[in-house]
Structure formats: structure tokens, C-alpha cells
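Below you'll find the structures, each written out as C-alpha cells.
Paired with chain B in one complex and with chain C in the other, chain A is shared by the two complexes that follow.
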Partner chain A sequence: MKSRIPSGLPWVLPALLILVTLSIYPMIYSVKVSITDASGAFTLANFIRLFQDRLFGAAAVQTTVLTLVALVIEFVLGLALAVLIDSLARARSVFRAGLLVPMLLPPVVAAVAWRLIYNPQFGVLNGTLRRIGVNTAPLTWTSGENSALLSVILVDVWEWTPFLFLLLSAGLQAIPPEPIEAARIDGAGAWRIFRDVTLPLLKPTVLLALLLRAMDLVRIFDQIFILTQGGPGTATETVSLYIYRTAFRFSNFGYAAAMSFVLLAATIVFSRGLMRLMRAR
Partner chain B sequence: MMRVSLSLILCALLAACSRSPERTLTIAVNAGVEGTALKLAAKEWGASKGVQVEVVELPYANLFEKEQLDLTSKTGAYDVIMLDDPWFPLMLESGSIAPLPHTLDADFVASCVEVCKDPKHPGAQYAVPYVGNSQLFFYRKDLFAKYNLTAPQTWDEVLAAAKKIGAGEKMFGYVMRAAPGNAAVADYMGLLWAFGGDVLDASGNPVCDSPAAIDALKFMLELGKYSPPGYAGFNADEVSAHLLQSTALMSINWPAWIAAMDDASKSKVVGKIDFTPMPSERVHGVGELGTWIVAVPAASKHAADAFDFIFWATDAPQMKQAALRGNPPTRRSVFQSPDLVAKFRAFPAQLASLESARARPRTSHWNEIENTFGIYISKANSGAMDPASAMHAAAAEIARIQQRAK
Partner chain C sequence: MKTAFRYILACATLLIALAPVYWLVTISLKREVDQFTYPPEWIGFTTTFQHYASAFRNGSFAHYFTNSVLLAALSTLAALVFGVPAAYGLARFEWPGRWSENIGNWILSTRMLPPIVTIVPLFLMLREARLLNSLFGLAIVYTAFNLPFVVWMMRGFFDEVPREIEEAAMLDGETRVGALLRIVLPLVKPGLAATAVFCLVVAWNEFLFALILTQTESAMTLPVGIASRVTQYEIRWGEMSAAGVVAMLPVLVFATAAQKYLVRGLSLGAVKG
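After this line comes the complex of A and B, so read on.
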């Protein structure tokens, strides 16, 4: 009689056990924590609170703005750099290696460095601007109500544009030369070739790059924690930061879990929307 | 031969079983000067008692998370925990801190002992105060003397000196921290109390929208005009950097920064800064208490050793050693020790401040209340809200937190 246990099971069992212990069980536990109160009774209070919580609302708006603005800037810059460096005959690898340096730094180190750079009095940014005659008195960067989010976005753009550049550059190199040659023979100019040939062929890479970066931006935490701690006020408070505070500072794991699931759902919806948009074009 | 082998194996097994379990003590401490002194003390104690000591050093933010997780899950991962006093009411709530086997002696400063009690059932003590931190007022005594001014006794005098000396010396008259959360609250509380206001009343209801509280916030904004631009995002590092670089005249600060002020390798103001208790205004000024305390989790598997250690580490001779390592003591006799007073010139001011210092409201929801309160103080300081609207909004949010907790 043939055994009903798959022969490969013993080999995948260790990995399966690790997955169940470290991912699936905590996920189920999080669901349980989010829908039960302190006495263990079923409740949807944590999810209802989400719609009444002004701090969560502000954090959700900030996260959306930060994600969209940073994503657009990083994509445009990453694509421009990829096209530019791809067109270079020489020194391509030198530029590529140089551009990757910010991405290789741990985000915490980059954020600490930028915190020093942004210091209104002692920082190198205002110091340099002062030397060239700019009045830096109103330039408070991470402390300004209107400039704090922009300062955070700037750090993210500096650190993660190379990631998009790297993916898009790899995508450009994977495009076969024949369609571009054919378009050139047909008399198409550089912009026309880029718009009608290169970009459509690059679409799968663009989709992958945007998805990966968007998912990372939605859960941005370390840069903000070090640069602004969500301030001033709630000007740079993001959902991840609020979830962290709720769970580990206020010890409210149920509400933090509920927020995490909403963030997960929003990320899935955003990703699906992005995929449809890209496929439709 | 077989019998001999079996006998040997049996003997080895019996010997292994009869060995007493190794005595170990795991201590969670703050990664910083406060924790370093306790870590060194633990090693000395372990060597003298034949107990293996494992010290887990964690940054301030992670320390709370790890300790709270250990206490709520009752894993007994730590035998001794070092913690900041505002965390204590929440940690006591789950009944996971063991009460002290005997009460603390009268040499400990009373304000430090108070925060070692359960606010809901005052009486039993659950921790021993280890580091006697309370806010002090730092000011440039050389510049005050130059302008024939004495140490500021009131906040109005602080503001007047900030205007006069700041303009005369082309420096910032005052520097404060107003980053959201703990930073903004810590620098506002001294003003709030001096103006006669408070965050919560005796019943735990928010009163931070009282006229006194709004006036205190307006005064904070007035001081902000003489502070460096961007102070709404400042933390302790930026405040101290301005004092150390001689670009600011005065600030509220913690004793941990005193040593840096007199360290020529870091400071341009060696010997020029003096320290006083907090200025008064409508009522007597008091500083915020920030005592580091040590406690034994109820789930500790080595409670007897843990209590032995915390009482040993906080007796007068050991606390003197900790003071020499940079920790402000919690015992009056150590503060008044002549050789320490000769070595640490701020000790008299520190003791005076500590004796009158006030703990932050002792509620298990303080972390959330402080976060919310700090957001609105920060919003007012960054110009996003006016003081009255900010305090009304803060009171409403705090009321919601209290309501949810019921």
C-alpha cells in the first residue's frame, strides 16, 4: 500500500514549522488580539475606534502623502538616472557603484547623519547656505510645521532613489535592441523611441519597482523615528509610528493589531490598483 | 564489566542531579550612565556572593518594551529591572512586581520613595529608588554677574534676563525642547506647575485647559521667541549642545548633563554654568521627578538573590560608589557627604530640587496621555495651533483616553 504522506514532507517540515511558529501563529494571534477585549470577549471596538481616532486619521493622511510624493520623485529620478547612465559608453559601472552608496547605509545611520545635517544652527546644510549668502533663519527643516514632511521625503529620496535606479537600469539592459533599431530605421526620434518602445517594454520592471518601493514607503518608520519622532505636533506622524507607539509605549496590542490589519488591507488595495493601472496602459 | 559501567553511569547521573542549580541573576538596565553604575555594582555583588550576573543593557525606548513584555507574559526573564518612575503604575497594574520584603529607611528622599508605591494602594513599597533625578535650572552665572543679575527666582525674571542678556551678548536668551511627546511635556511641566496648573486633578480628570495652564503655554511661547529657531523639534541633545557651545543662556535640564558642562573636551562653558531649583511664578516652582528605580518581577526565579542585590546596591556605601560613577543618589546622607559635595558642586541644588520635585501624574495611562499632551504642546510651539485651542484639544483627547480606560 502506498503511503499517503508525501515523500518530500520530512524535508520541508523544518521550514514549515518555522513558518508556522514565526509567521502564521503570530498572525492568527494578532487577529485574536484585535477582536477581543481585556476579558477575552469578542469586540469590534478596536476597529470602530479607528474611525473616531483623529491621530490615526492624521497619520493615515501623512502616510498617503509621503508615499505618493516620495514614490513619484524617486521613480522620475531613478528612471532619468537609469536612462542617462545606460546611455554612457564609458564609466557606467563607476557611476552605478557611486549611486548605490546611500542605499547601502543602514536607514538608522542615514537618518542620524541627516539629523545632524538638518540642525538649524550647527548643521552643514544651513551652514553652507549661510556661506553663499542665504538667510537661514526661517529654515528649521525637521522642526518646521510645513518643512518637516518635506525634509523626511528628501532623506527617503536620497536613500532609495538608487534602488529604483538599480531595478530600472537592469530592466533597460534586458530590453532587446531589435525593436529600438527598427524604430530608429523607421525614422522615430529619441523621445518617440523612449515613449513608444522603451517604456512599454520596461513596464513589468516599472510595476515591480513601484510595488516594492510603495510597500516599503507605507511602513516607513526608522527615518521618521530618528529625524522628527512624528513632529512637530503630528506633521510627520505615520501609521507605522503610531502603531509602534500604541503597541510598545501604550501597551495596547489590540488596537495596534487592528491598525496593522487596516494598513495591510490598504497596502493590498493600493498594490492591486497600481497593477490594474499599469496593465490597462 | 557491564555492572561497573552501569554503576559509573548511575553515579554520574546522581551526581548531576544532586548538583545545586547554578545561581544566576539577570538584570535589565538602561544603556547609559545610570545603568553603567548598576552594572558595575552587580558585577561586584556577584563576585562577592558567588552568583553569576548577566546584565542586559537596553536603550531607553527598548528597555520599557522588553520589561513590559516580560512582566505581562510573566516569563521571569529578568530578576531585577531598572525602570523610569513614570512607567511604574502601568507595570504594577498586572500585579507582576513583587512587593519589597521590608520598608525603606528614612534616609531615602521622600519624593523618590513615593514613586515606589502603588498609586492605587499606597502603603506597600514595590521598588527601591536608585538614581535621584529631578530637573534643575541651568544658567550662565558669569553673564548674570556681568549684568548685575542674581540667579532667577521667578519665570518673569527668566524672561527678563533672556531679553536683556540675550540682546547684549547676541546669543539665545533661553533654549528649550518642544519635540512631541516626553520632550515637550518635560519642559512645559515646570512652567505649568509654577503657574498653578496641572494635567489631571485629584480625581484623574484632565484640567490642562485651565486658565493657568493656557497662561503657562503662552509664557512658553514667549520664551520660545528667545530660543533658537527650530526648538519645536529639539530634544535634550540639542538643548545641551546650545549650552555647551555657549550659544544659549539658560535652560531646564537634567543632572546627567552637569558633568558635560564642566568637561573641557566638550564644553566652552567650563565653570560658567550654575544650577538652581526651578523658578517660581504664581506658586512655588518645582522640578519634574525622573527617578530610576529598581524592582523585582514577581515571576523572578531568584527573588531572594534579587532582593539581596537591590538592597545591597542601594545602601549608603554602594550609593556613594554609584554617585562617584556619575549617578545622582536618592539618599540624603550621600547628597550631604562632605567629600561628595566638594567633588560635585551641584549636589546642594540637586538635593533641594529633589526634595520638592513632583512626579508626573501617577496613572497607568501616562505614556499615552504624555504622548497626546506633548503633541498639542508641540503644535502650539510650532505655530500650528494657538495655546488655548491646543490645551482644549489636549484636554478633550486626554478625557477620551481616560474614558476608554474605564
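After this line comes the complex of A and C, so read on.
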């Protein structure tokens, strides 16, 4: 005889209650905050404002650019690095451990290090470049209107390429040697083997790594907060930073909540893909 | 020849990965007059520990450090206490239909919420509960943040233990809880340790929640303490770098200890590595 209540429920219930209180309830609360005005009446003003707000538009564009550019560079470099380290006969674990350091640091500490490096006057980057004869006057890095976003991307590439490297390298090692052997016996060159045998077999890991990284990139906050605070002007303002400013500098919680739903929508797109992938395994 | 080129390339990449960290360390060890000289001094400078002393002995960084340690320990412990039984329940009990899978997926999806989405309501809720600027309040938030991770990871580890082992123990008169504590948990100990390390690192590195939910000196964590110094007008780079070095050491030690499970943890259990 089976009772209707699943016998495992008491084990799971405490965790579920915590998550409902601290994840789901805040979401509902957030909806409420975003659709009521100061007097508590229903309003869609916050959502209408989204479409007219140039700053939000700029932040959305910058977040998208940053996500896509960083993702592509990190993927290409991460894959190249995974193949490179995989091909070494010795000291593989030493290289692997060293290469992982950037992503393990507290993001705040990594960003502090890069502020020291980027400073146009006394930073070590321009100092070293000047030393080898480069004219560093135009190299303003994070303080230049045009170079700031690229400089932020560069830090992200430094910090998170190791993540793609690590996952892809695990993926490479999980590939059985037989199909590659077979292709080699059939006379295929190294590049053909990589493109037609290795890459297709690596595809699930590639997708997983890209989705995980993309989800983190669209919410990027810590590094930019330390490096540029969204500046100069709004050159490196991202959606997370703009929401932060709106809520905690200007105390406009309703509008901040409304904006956060746009970010949530983007995340849901990525996470649905991710869930499907994980279930397929 | 080709092999030599590969090693040179690998070494160059390693250099790029480590140089910024090394530079931070040198700034923390240099006298103020040597910090920003031209040309930059990578080696052979006079070393001093004055910045460590002024940050940690005379300054408030020792206090932030204690806060970070307490917070990481407390929230990790809580996440394990609630997460391990939930993972066990999902892995071992009969669930109707696709309940187990759906609950698991739903739990994981809460982890994917961008923090900035929940932070506005959490800030308002904690303010109402008078838990702003309190380590306890922040620990509750971190627990909820790490809980889905614990459930997801531990379920994977429990799935790898054959059911027959605890069924045999229960036939011998062991209770369900006893079987979990005395038979199953010892078998998944490495996995449990790795999961705990991940929670510790996440709590230790976390910045956004801490920045918004604790704004007083008394409850500040190490990352927030460092950040509050960066954004000031005059930055004392020596102290900041010293604090940064101290903040990164535990993470590097812990991550090295759990290296075997790094891939699994970072991919939320999807790549068994």
C-alpha cells in the first residue's frame, strides 16, 4: 500500500521552503514592486519607461556586445589552449593549475590588480610598453571613452578563458581515442581530424560551457564596478550596474525591478537550453 | 622543434595568466616610493611588510577577514545541513511520475537567477526584518544561494552509491537516517568535501549581495572592504594590495585541494571530469 504523499518529501521540504522564501517569494515581491506606484495603485509606467530610456538601451547594447565579444574570444582561446596543453607530454598538470589561477581569485581582487595595471600614468602596462619603445600616449585603457569597454572585455578574457579551457580540456580527455585513430589510419590530416572528428564529439561540452559562461556574462557586475564604475560617462555601463544605480543610488526600486525582468528573460533563454542539455546526458 | 614551440607558447600563456597576480603581490611588498616607479620594477625591489601590518594590525581588514570567515563557514554549514537531506531524498525515494526530476530542475533553476534580480526585493525584505547590515542576514542569503548547488551536486554523488549497500544495512536494523549518516555519507566523503569547498569559495568571493546588504563597517566582508577603499578619492595601494593578497590565498589553497572535482563543480555536475 502506498500513501499519496511521496515518502521522500520530508527530506526535501526544508530545502524547498528556504528556496521558496528566498528565491520565489522575492520574485513575486519584485513583480509587485514593479507594477505599483508610490500610492500603491497599479501602473505600467515602469515598463513603458524601459522602452524610452536611452540609458537603459545603451546599457543593454553594451551588455550584449560585451557578452558576445568576450564569449567568442574566450571560446577560441580556451579551445586553442585546451588543445595545446592536451598535446604536451610533460608538466601538463603544472600548466593546468597555473592557468586556472585567474578565475579562482575573488573577482574584486582581480579587478584591483587590473586597475593597478591599466592606470595610464603609473600603470605597469603602459610603463612596460614605453620601456620597449611604444608610444603610450593614445593608450588610455579604462579611462578612454572608446577603449574602456574593450579594456573591460580584456580583463574578462584574462579571467574567464581558464573556465572554457578547463571544461573543454575535460571534454577533450573524455573523447574515446578509437575514432581519431581510425581517421588517422584512413589518412586524414591533423586539421581534418580536429574539424571532422574531434569537434563534433566535443559539441555537447562546447554548448554547455558557452551557455554557463553566457549566463554569467550577461549579469557581469563586480569587475566593472571596481574597474570603471560604468564610466567614463556611460561607456561601460551594463544592465546589472544600471539596475544597481537605479535601486541603490536613486532609490527607484520599481523601475529597477522592471529592468531586472529583462535580464531575467535573457537568463531564462540561456538556462532553458542548459537544462535541455543536462537532461540529455 | 615543433614540441619546443608548443612549450614556449604554453609558458607564454602561463606568464600572461600569472603576471597580473604577481604584480599585485609586488605592490603589496614594495615601499610606497617604489610602487609606481618608471621603469616598473618586477624584481629586486626592497621588500617590506608594512602594508600588511597597517592593513591588518592597525586597520580594519582583520575585522573584515573575520567577518568573511564566519560568513563563509556559517552559510556553508547551513547549506549542507538543508541540502544534503534534500539531495538524498531526491536520489533515493520513490517519487510519482517525474517529480524527482522536476523538483531537481526547479531547484537548479533558482540558482540561475541573476543576483541583481532578487536583490531589490531581498533588500526590502531584510530591511523590514531588521536584518540589514548583519552577518546573520547575509548568511541566510548565501545559504539560499548555495543550497541549489549542494542539492544538485550531492544528488549526483548519491546516485553513484549502489542502493544495495544501505538496503543491506537497513535489513540489519539500521534506520534510514542511520544508514545515511553511518554508511552512505562516509562513502561520498570526498564529494561532500568538494561540495563544501565550492560553497566556501562562492561565499568568500561573493561581492554584490554583500555590497548592498551590509553597508556598515561592522558587517563588511573582505571584498566589500577592499572595494570601499578603491572607490575612495585617495587610494592606498599598498594596503589594498596586501588585503587582496590575503583575500586570494585561502581560495587558491582550497581550490587546489578540491582540484579533482573542479570541473564537476563548475559545470554544476554536468561534466563528470
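In this section, the second predicted complex is superposed on the first by the 261 of 281 C-alpha atoms of A that agree within 3 Å, B and C clash if a C-alpha of one lies under 4 Å from a C-alpha of the other, contacts with A are read in each partner's own complex, and residues count from 1 in each chain.
Definition applied: a residue touches a chain if its C-beta (ideal position, glycine included) is under 8 Å from a C-beta of that chain, and two chains touch if they have at least 3 such contacts.
Since the structure is predicted, the reported quantities are computational estimates derived from the model, not experimental observations.
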{"item": "First (chain B), second (chain C), both or neither touched by A:Ala190", "value": "neither"}
{"item": "Chain B versus chain C as contact partner of A:Ile48, first or second or both or neither", "value": "neither"}
{"item": "Partner chain in contact with A:Phe248 - chain B first, chain C second, else both or neither", "value": "both"}
{"item": "Partner chain(s) touched by A:Ser240 [first = chain B, second = chain C, both, neither]", "value": "second"}
{"item": "First, second, both or neither for A:Ile18, with chain B first and chain C second", "value": "second"}
{"item": "Contacts of A:Ala148 with chain B and chain C, given as first, second, both or neither", "value": "first"}
{"item": "Touching partner for A:Ser30 - first (chain B), second (chain C), both, neither", "value": "second"}
{"item": "Contacts of A:Phe122 with chain B and chain C, given as first, second, both or neither", "value": "both"}
{"item": "Which partner reaches more residues of chain A (counting touched residues only), chain B or chain C", "value": "C"}
{"item": "Which of chain B and chain C A:Leu199 touches, first, second, both or neither", "value": "neither"}
{"item": "Touching both chain B and chain C, residues of chain A", "value": "122, 229, 248"}
{"item": "Complex contacts: residues of chain B adjacent to chain A", "value": "61, 64-65, 68, 72, 90, 178-181, 228-235, 238, 241-242, 245, 247, 365, 367-368, 371-372, 375-376, 378-379, 381-385, 397, 404"}
{"item": "Chain C residues touching chain A - in the complex, by the definition given at the top", "value": "3, 6-7, 9-10, 13-14, 16-18, 20-21, 23-24, 27, 36, 38-40, 82-83, 85-86, 88-90, 92-96, 99-101, 103, 105, 107-110, 112-125, 140-141, 143-144, 147-148, 151, 201, 204-205, 207-208, 211-212, 222-223, 226-227, 230-231, 237, 240-241, 244, 247-248, 251-252, 255-256, 259, 262-263, 266-271, 273"}
{"item": "Residues of chain A that touch chain C when the two form their complex", "value": "2, 6-12, 14-16, 18-19, 21-27, 29-30, 33, 81, 84-85, 87-89, 95, 97-102, 104-110, 112-117, 122, 124, 127-128, 130-131, 158, 162-163, 166-167, 170-171, 174, 205, 208-209, 212, 215, 218-219, 221-222, 225-226, 229, 239-240, 243-244, 247-248, 253, 256-257, 260-261, 263-264, 267, 271, 274-275, 277-279, 281"}
{"item": "Interface residues, chain A side, partner chain B - complex", "value": "49, 54-55, 119-122, 137-145, 148, 228-235, 245, 248-252"}
